[in-house]
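Common to both upcoming complexes is chain A, partnered first by chain B, then by chain C.
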Partner chain A sequence: MKFFALIWSNLRRKKVRTALTVGSFAVALFLYGLLAAIQTAFNQGVEVAGVDRLVVRNKVSLIMPLPVSYRERMLQIPGVKTVTYATWFGGYYQDPKNFFPQFAVEKETWLKMYPEFKVPRGEWEAFLQDREGCVVGRKTAERFGWKIGDRVPLVASIFGGVWEFNIRGIYDGTRSEDDTTQFWFRSDYLEERRTWGKGMVGWYVVQVADPNEAASVAEAIDSRFANSPWETSAESEKAFAAGFVKQVGNIQLLILVIGGVVFFTLLLVTGNAMAMAVRERTAELAVLKTIGFTDASVLWLVLGESMACALQGGVLGLAAAKLFTLRGDPTGGFLPVFYLSPAKMALGLALTLAVGVASGIIPALLAMRLKIVEALRRV
Partner chain B sequence: MSPIPLIYNVRSVRARWRGNLVAVLGIAGVVAVFVAMLSMARGFQLTLVDSGSPSNAIVMRGGATTEMESVVTREQIQVIAGAPGVAHDEEGHPLVSGEVFVVAAFHHRASDSDALAPVRGVSEQALKVHRGVRIVSGRFLRPGLAELVAGKSASTMYSGFGLGDTPSFGGRTWRVVGIMDSGGSAFDSEVWADQPVLSQTYKRPEDLFSSVTVRLTSPAALGDFKRALASDPRLTVQADRETDYYAKQSRAVSTMIRVLGFLVASVMGIGAVFGAFNTMYSSVAARAREIATLRALGFGGASVVLSWMVEALFIALIGGLLGCIVVLPVNGLTTSTLNWQSFSQIAFAFRVTPDLLGKGLLFALVMGFVGGLLPALRAARMPVASALREL
Partner chain C sequence: MVRLDDNGDALIRVRDLDKTYRRGGQDVHVLRGLNLSVDEGEFVAFMGPSGSGKTTLLNLLGGLDLPTAGSITVAGDEITHLSGPKLAHWRARHVGFIFQMYNLLPVLTAFQNVELPLLLTRLSKAQRRRHVETALGLVGLKDRTDYYPRQLSGGQEQRVAIARAIVADPTFLLCDEPTGDLDRRSADEVLALLSGLASRYGKTVLMVTHDPRAAERAEVVLHLEKGALVEGTTSGPEGNGPTSKPAET
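Let's turn to the complex of A and B:
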């Protein structure tokens, strides 16, 4: 590290070039941060999935319901600990564009199934007391400016009419990835008001006693209802969420391609800048060698310069991306979470340093192999 | 004095190709990603917009935003069929198609997992109303039988939906008796079944439909038709022009692709401008003597700026063209995504249209202009005497 001052003054020699190289890194890492946040948003369901939870839906498709009576029958299956259910409401607030998910939930078991969601005890008690009560996620409550005690009308595009709910509670997630856009209300209220499809629920969530037995329990559930008019398809919550991600398309590939193009371009830009820096300083490097700098230290000098650019740019870009994600979802409610995790940031920094090394290595090797006599003779 | 000849720039770019290659590749990469994202949004939009016909109207329950949320009864369909503006076939039957829209989980080849496919319960009227749909192999369904007609995208997207295959879903085994082609529209992703059979499978009352599609006598007849439905007390429905309905369906996904595409492309664009800046600045430094010589020969500062801008734009144009060429093969590439409105998979093709290529080139030129301007000004401002003495 004794060459630190030398690297630093080399960087300051051509301020514009250094600024541009650092800027390129910052831009690339900013983009990386955005893509990582988007990827997290799409995979959110997979990442927060509980290992001990199964989702049971109608075998034909998710839009087909299942009878409410299945709950008791599932509870008899060995290995099943808790069973809860929910129904998709599909309403909207004021404008069809204001999308957020609404579920009619089984009030006794829903919260027990999802320990990651926190509702103050008093608020939950109030929800249990009020047939028209509902509990809303923090994000949705903030989006529409809802407070506890508000009465909100939702247009029910599936069930018809306008339904009014009293907000009795606001829930929070325990992790940054938890989805706090949901809206829960009581299934007994839905049952009372719906004009068709009574006695049916959208899907079941089953908690298994031992996560290692999840697969066999899922199989037992499906075979229990095989050949009935309402066949089931049970799978782990993770597989269920992953299925959804796959349906949206190959997001992973798209992000990898864009990221790859960006980093390749970055490699070219910085590689070129470093090569030019070395070419300009040929005579100077020869002088350094003449006064006793070893080949290795010349190598490190050049490499150190490109890595210093990378590090500064990387930190700058990641910080900007983090700030951008803190401002919230840019698509206006389409992404359930928009969050850049520390792990993804660390990976980004590692990638930057790797590009810093890769772009500096060829000029550095050239500098190392420089023959003093030839270099001094040049120009 | 005349401006610096163009051939000077062309030769200069050729002589210094190594450094310029970086700028060219950077710009090409940005343009390729930019055009690819836009062509994806465009393809998705066109697929849905093409699904509708301006002389068709789709009727759903009032307040419903998609077919899946809507319910229309058989009595209501009879009333709708009698409304003014409805076209009739040669035998005098009204061209009205009551349809049931549901989704089913089929095995999706590309992702090797279950995906939701749209399944439409239809009658023989469907083909007369949806004029764009043709049976390309096999035949149409026979009423009362568990037969399917698969759209050409659906038949390749899901395993077991080729002609003659016998997929089973909903506790029943079906037979694929025909393949339909709607020219790349949303119907290509659908599977059609006989409406009463499908309703039975989904345990829906047989005289409950999701929507009604009506052939009008002319596109202009929609106004009268809508007014007649609105004033009829027996109906609580809404009618939309079919093309408008599908355009609305495409909005969410195509907006999302476009917003993300612009975001990504503009950030990448800034990066490419940095790259171009870097190349051009270094090139100003390296060519200080050359520029000074030009000035000494009598070319003015404005000439030098112009010449540098021409060179920057030339490099950007090569980059832009390269990017466009690289992205051309994605044209026609088919992929599928979940259309949130219908909650099912829809296949669509990337459409690289000339106007998108034009936008890509324009974007490249903007990058070249921004990246070239400051270095050009610096080149022009260089003091002649000291620059000639340099090195």
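Let's turn to the complex of A and C:
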């Protein structure tokens, strides 16, 4: 594009100002990238939720258990296909700050319930053979440098003592949003060693035969156990995950507000820079029009300048944010999925261009409406 | 031949041109019933006291402003009916402007400044380069292509401006006090260039000047008085008010 040289020369006229404008975009988009990654992290449970899965927990609270006998009774409810369960272990490795989730899982049904997780067949067989075996997610294995065959001790803060496990398998996710920080071990091992709460499990996961029937199946489960000492609350995995996010606070709104403030500030800063850039060049713009540049092309020249700043800064900021997220979760385990998705990056770029247009449009319109004769007379 | 009456064959024909500005609720009649015909290849100088409307006339001739009444025809095109983008395209095609203050873009090199009008054409990059080099060669600045305006003398800047005005081979050149800001020697160089363009290359040049020595270079000198033109090669000192020449020829 032959006009690009013209736009480029104008940007280089005030190098410091251009650098600051580009820098504002870069900083704003870097922030946006981090916010988007945090938002994805909080919502990953909602985003990866299986449409055919229900989570059944104790009606009083998630930390209250349910009897293991419920499994057989749920399987009798029409529309229920598979039932599995898990219990929160709440241990840590070496240091209490090293957070990652550990579940005691029902070994026969767990993996069937989660087809998005992949474990090599041989490794899973080995896990089924070893009462003290465990399977860990790729991210956690890499984090602690664990390899298959390692024996790892976990301090059990809920159940007491130090528990040792043999790593029999490492699982991967099939999508980048999948959480690969979990640690699964056998619930029969937990049952054997636990000194209290025997015969209880943390929560159930139910697969329904028809996702369209999920709501009515959930209702049927809850009414089945109504008026028992352990009443249940069944809901879709998505609703469950969303409720979990809400417990942390209205993260969504917080992120939207911060993001909005960042972009609004960016608009003010860059809009002002563009207005200055145009005001000091009135005569030059008039000369271009004299030469035969149309009002529309002058508009595009000015808009091109703000868009060029926006694009450079935006790409820079998003790239930096992407690099940052590639280094992984900065919180030491609380954001199991810390990831800037291509869709969020595209949205960021679109926002950048929108701010680029918005900040340039008023100066560009002024430049377009500039009357040659008056502008030249002012010189 | 320049005439102040109608001539159907002339390149530029101006008929009964009126320009009125409104200022503070009052009408200022700058041009009143101005007539002019200029043939191709002529070099015309306009003189007249400050505020007599010389710049206003050039702006109208160059399609930078629209008259209140009257018509301007250039090479058969009636430009007073054109508007917006059409007028811009017409300017790009037909007019080369040269200003007193050179009006080069400070962020562009001499080469890039001269190239500007060609960006509006369909010429390829290589063709544009050839045209720019020819134009800069013509004004004697081939060795200054990569200089920025601030690195050039006033005379050199004005020669770059001339190169920019002629590079797209316009129908005519409009110069508003092109030597007003130059010393004698630089002014002479610029004037020699302009008259050469008219005599050797057949360019039509219309120039406003306050300088009688500059006006001498032109074939015809016209005086703007009371909003109309009067012919004459001599004139009293500038700003002395209207001369006693009759307004009609």
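Keep this in mind: the second predicted complex is superposed on the first by the 376 of 379 C-alpha atoms of A that agree within 3 Å, B and C clash if a C-alpha of one lies under 4 Å from a C-alpha of the other, contacts with A are read in each partner's own complex, and residues count from 1 in each chain.
Following the convention adopted for this analysis, a contact is a pair of C-beta atoms (placed from the backbone, for glycine too) under 8 Å apart; a residue touches a chain by one contact, two chains touch by 3 or more.
A quick note: this is a predicted structure, and the numbers were derived from the prediction, not measured.
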{"item": "First, second, both or neither for A:V16, with chain B first and chain C second", "value": "first"}
{"item": "Which superposed partner A:V269 touches (first chain B, second chain C, both, neither)", "value": "first"}
{"item": "Partner chain in contact with A:V27 - chain B first, chain C second, else both or neither", "value": "first"}
{"item": "Partner chain in contact with A:R138 - chain B first, chain C second, else both or neither", "value": "neither"}
{"item": "Chain B versus chain C as contact partner of A:A5, first or second or both or neither", "value": "second"}
{"item": "Touching partner for A:K118 - first (chain B), second (chain C), both, neither", "value": "neither"}
{"item": "First (chain B), second (chain C), both or neither touched by A:G243", "value": "first"}
{"item": "Most chain A residues touched (candidates chain B, chain C)", "value": "B"}
{"item": "Chain B versus chain C as contact partner of A:K81, first or second or both or neither", "value": "neither"}
{"item": "On chain A, positions contacted by chain B and by chain C", "value": "379"}
{"item": "Interfacial residue positions of chain C with respect to chain A in the complex", "value": "55, 59, 62, 64-65, 84-85, 88-93, 95, 97, 99, 101, 103, 105-108, 112, 116-117, 119-120, 125, 164"}
{"item": "Chain B residues within the chain A interface of the complex", "value": "19, 21-22, 25-26, 29-30, 32-33, 61, 63-66, 68-69, 102-105, 108, 110-111, 113-116, 169-171, 201-203, 252, 256, 259-260, 263-264, 267-268, 270-272, 274-275, 277-279, 281-282, 286, 335-338, 343, 345, 391"}
{"item": "Touching residues (chain side chain A, partner chain C) in the complex", "value": "2-3, 5-6, 9-10, 12-13, 283-284, 287-296, 372-373, 376-377, 379"}
{"item": "For the chain A and chain B complex, residues of the former touching the latter", "value": "16-17, 20-21, 23-24, 27-28, 30-31, 34-35, 38, 59-64, 90, 96, 155, 157-158, 160, 227, 229, 231, 233, 242-244, 246-250, 258, 261-262, 264-266, 268-269, 271-273, 276, 330-331, 334, 379"}
